[in-house]
């Protein structure tokens, strides 16, 4: 089992910096995800780890060994491409055994190992099918088996589920997680689907414009985003710009266009700093007239969308900024007419104050 | 002897029969390819630098262009004939000697052995008109009533017009030596040809074209090679006939030459000796309708053929004295003439 | 260099070597160098007057040699006759007399020894003169040959435009090729459109098969089939006469018409397929949208289909034009006395006239013409090479 | 739209014509395409010899086919055609593939320049290729003949092959090569195991087309062939003015072969399409099955009680 | 303003019936949607209304006039194709003015009207761009402007948003709705996206296999699905099969594999009928140990997915059937460990009993 270290890794294509000073360590056996918008450099990081691109600066180590100058065919990694890249002219078992074939194993051994792996991915006896006869999900599993056949220390997966439809995607997520837990191989997983990253990973790295924004567990990222980008990219958030007027007991008091509001101050802002307050739509509620929560915002109802199981309340603050509240479709909503005035409340612990930087 | 010999010959000269007879006698296999015009054989051989064939059969009068081309390319196309290897006495001496006047030798060395001779006269559809050797004139084909129904070979067409205008053929002969005369002769001929171009249905170049003109394209009169015409005569049971005009039919002699790049030289001589023997020449005369250079070859012809001969040249071959021979042609002359031809063709 | 190294990184040394060597052989050895050499050849020009002079000198020499040979042979016979004391066997020299059948020997009987000796002396004298004349000729030839050496000149190109036999043919060929292209376009557009848009899937497959079959049939045969139809005693005339519509055969092959018919037929499919390919990519919804917005049929073609099919039309026109202008088989087989095609002139320069320099020059002019046409079409229809070669 | 029952009378005629006009035009067009070929083929079975003709049909005969097969020069020409054809196939495939590989991997400017040069033979009149190749090799001491004709043909046939390879390579997923590399294969192994098998169908079809192109080529060959001859050259010579029905017999054979090939081709193409469709359907069925299985199990579980 | 009537309309392609006995009326000025799975006949209905296909049986009337025999170019409808079908070789304003051009308007008038419409779709001054220079959403608007230029009474839209990404889709929905309200033109809208149909439409027709399943307002369809197909196709539902054992006070009591449960009986099932009970995941809750709601189901927790603002609880009933509960991410979920036993409760009014027919 080998851990992976990226030490201040940068990669430039000509003038363009695709990855900027990335430093992180991925533990052996971890399920680690990179999450970020399209073009932020996720694939590039993966290609550097597997050896298809060389970093312009910095060092990549696998199991402590510097990988510079080592080709993809000599690294203990296996890459699963976004589109799987199964060999369409080989049968399923030949695909799985390809890595063994080029290592010179006998046909019999190849076949035996392929059959073992077919059992593992729950496709026993399907080795003689052609790849094109498989369903999308089955192909997915074959790609994984092929990558695992050469017993890599690390499995790299580049948005492997993005081509699948929703139902199948949900199913495959569970499968992937199960396989990872069964084999104990390090999984490095790329996605721009936050649901995917959050439900599957031990840890997540959120990227933006080539840089790492935050590396943490999913719960941490959702609950305590480190930057404004993370706060807005992961999940929905109501942002309120302002500046810090007071700091007390781990909380900051912000002066915003919607009034003076309190929020957690995990990033140690000081008085006078420009800051953003974020509060998630589901942590807000329509305040009873008699309620007195810590934070209250006066708004007017703009629209009420019924979307299946949820109700989304869109409201607009007095000075024009929008505010969204999510409620489950089990409440009495008769009083929430268009243009009705409502008070929206949330607790100070549900909100977080962050430095005012770029949002997603 | 054994082996093979590659022959490049005119269409319809060498029959399957002749090749078999020769092979049975000598054990040599003949590979035959055919061409349709003198220029074709010359320029193909030029493009192949004299390689690929062991015997070629251009007209003797065209050999001058071969010598010129060889000099221009710095690569002789033909090799001199070793006359000691020819079977003595089987070729008609007057023909053998005549060939020297037509250009069979270069600087005294012989390059072409006469193989046959023939004429270019008038072919006609006897259902539409009648011509006899005493009265037929080159001018007959230009009559208005045959407009759009005549076939002519551009090269010999201009020549026959020149001959017709000239009457004696004297100026035409001079044209071969003097560029200014040549221009004069051919511009006059061209003028006549242009005026009468609507008469022409087909410009033929090869024997195949010619046959098509009379069979598929419905021509009723025109210039033709005697052999081709005689073959049509036979095919059509005398509907298509042939006659030598009184101004003199255009007469040529074809030779047997050995290219410089020939590989089967021994076999080539063997074939030359066969083709100039009474047997080979006779078979050729029967097959092609042309006249062999071999002594006694005419004995092979049947009565019908003899009869035809009399209808063409007169009962005693009177017209033969009148023949106009193609002169040895230098490169400049054929280029000059082909300019006039192109003008005629493309007008 | 960068290309090689990045290629090598991807494919390894062996494959990289194969790819680069292969391309180099093809590009340089088969495409560029032969064209350049052709151009070089086209610049080589020999002064025809000088060449004629050389040739005339040589043939004069040849004639002298013939005379010399005959004189020597006669001399030998006379010597022999003198030896035998004036026998009656000397041949008068058969030089001028042609007697193809029967014996030719006109024996000059009864010459005396004195007469023979007189003749011998005359001949000996003449032989001496001949030797002098040959020597003089050979000396002059050296100079003449120098003048007749080929030189680099643009003369071959001027020739095309000064030669009033060839120049009209050149322009006629270009014009006729444009005509063939235009006719093919008009005939093919509806076919391509129908195939791409109107026909159902199964019919399209069948019709495509119907197009592919003649497309694959040899060009020679396609042309030959029209020869059979159009000749004076051909099928069309036979049918017309049989049906009583006419009693004299019609000359279908007069002028250019047969060549044009044959070319349209031979190259029409090179027009159908490119247009079909582009029309096929037209979203049928666009046609329906236009119809939904009230456009009549012809206007839909004018405003929606044809603009979309432009690249295909350009490609079809380029291919058809290029094939027509460069066609040799069709005019040779279907041509009449007045239909000469420029390619025939080029062929004649090579295989009739033996003038490779002029032939190369003409060929190069044809090539330039085609390139100009292609570039014009590409400009006009705003297409690029990638569209053409599909 | 044609089966509508509501056509109003005043539109009827116009609609009737408009509906049938395209069909009529197509019918005429196909008559135009096939009629000459048909008459040419009929003449091959007609006893009339000079000139060969379809009308009047005086009697059925097969003798022209017999004559064809005993025509030795013609058969020798066939042999030459085959020799050139095979040479051209090998050379064109080799060159075409190298060009295609280079072009698909090259970037931007160099790519389009190279592309322009390598497709230019397709846009060059055939006779010019014949002439330039002849002139080139002649000055190198190689006279016109089978070799030069083969080279001249390959110059442009390789372009056809290249275009076909490019089309195929463009559908090639580069990730496949990377995947194989990632699994430890060497460059040669990748090419042998992944790239070549992918290209195989194109090698076959391109080879076939190269052969056909070579076999029927006239305009280029006629210049480069020197004193040799090929079937097509021979055919053209025979067909010029006095064809015998042997030419027609040859035409019948040619066309029959063409039709058979075209039909086989189409059948194969359809079979491929059908197979791909079937595979696609099966795959999506499998996905559906998985989903419906889940729902089914819910229902079944409900029913069980 | 013209209303549209479909009177018992059927269309067959050969043996295959693409639309079966469709009868409905769309009011002038309405925003009406057809919702249904792929291949159910939505496009076919639209093509019949716009005149590209003729019904095999039945009559289509627009503004009371029978449309039989009237071509697409003569109907007061404009169709917006699924892929927009903008003319790529014309500029934006030429596209918009195309309908006017074929009507013979002068170039100046065309341009003027196009500019008006460009203002309306909030793309002023962009008329001279080429279509390819527009973003997806802008193209969308141009397609609408082109359709509106000929002043149709009815605008037909065939899945116009399906090609757009989520963010843009949400934006365009609002735009479309706004344009409809501004112009008052009847919109007939096709989608297979239920969120789209429910949030935008005045009324929705749910289709399945060529037939109309239910025609009603979005709220009605969500709250009171008429058939098992609608219940499962629109939104998520927990289905429980059983049979009716009692009928009382508008409620039916069903005997199911998960016990005896009560639900609304809007479809008047009688005792003994085979039936299905449906309850939406968000109408269920994890019952407090001390709670006594009307319906209680015993399950065991299988999985708990954190998906942004929501938590999805997957549980399995004693006899194996699955049960899903949606909760917002603002509750204490510490006791909901894997394999914990939980009681899931829902009120009888939250559940509905329907005849046991085909589900989606």
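Every chain is named by a letter (A, B, C, D and E) in the order it is written, and numbering of its residues begins at 1.
Operating definition for what follows: contacts are C-beta pairs under 8 Å (C-beta built on N, C-alpha and C of every residue); 3 or more make two chains touch, one makes a residue touch a chain.
If you're wondering where the values come from, they're calculated on a predicted model, not measured in any experiment.
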> Degrees of rotation, nearest 5, to put the Cα trace of chain A on chain E?
Replying inline: 175
>> Using the touch rule stated at the top, which two chains are linked by the largest number of C-beta contacts?
In response: C-D
> Which chain would you call central, comparing Cα centres to the global Cα centre?
Replying inline: D
>> Between chain A and chain B, what distance separates the C-alpha centroids? Give it in angstrom.
In response: 92
> If you average the CA atoms of chain D and of chain E, how far apart do the two points sit, in angstrom?
Replying inline: 49
>> Just the number, please: Cα centre separation of chain A and chain C in whole Å.
In response: 70
> If you average the CA atoms of chain A and of chain D, how many Å lie between those two points?
Replying inline: 51
> Which parts of chain B, given as residue numbers and ranges, touch two or more other chains?
Replying inline: 44, 47, 202, 215-217
> Tell me, which residues of chain C touch at least two other chains?
Replying inline: 231, 233-234, 350
> Got the chain A residues that touch at least 2 other chains?
Replying inline: none
>> Give the list of chain D residues in touch with chain C in this complex.
In response: 18, 22, 25-26, 29-30, 32-37, 39-40, 43, 51-56, 94-95, 97-99, 101-102, 105-107, 110, 112, 114-129, 131-133, 135-136, 139, 151, 154-155, 158-159, 163, 167, 177, 186-188, 191, 212, 216, 218-219, 222-223, 232, 235-236, 239-240, 243, 247-248, 251, 254-255, 258-259, 261-263, 265-266, 270
> Given the complex with chain B, which residues does chain D contribute to the contact?
Replying inline: 50-51, 73, 76, 134, 138, 141, 143-145, 226-229, 237-238, 240-243
> Any idea which chain D residues touch chain A in the complex?
Replying inline: 173, 175-176, 178-186, 189, 193-194, 197-198, 276, 279, 282-284, 286-287, 290-291
> For the complex, which residues does chain A have touching chain D?
Replying inline: 50-52, 71-74, 77-79, 81-83, 85, 87-89, 98-99, 101-103, 130, 132-138, 146-147, 150, 165, 167-168, 171
>> Which stretch or stretches of chain C touch chain E in the complex?
In response: 283, 285-286, 288-296, 299, 303-304, 307-308
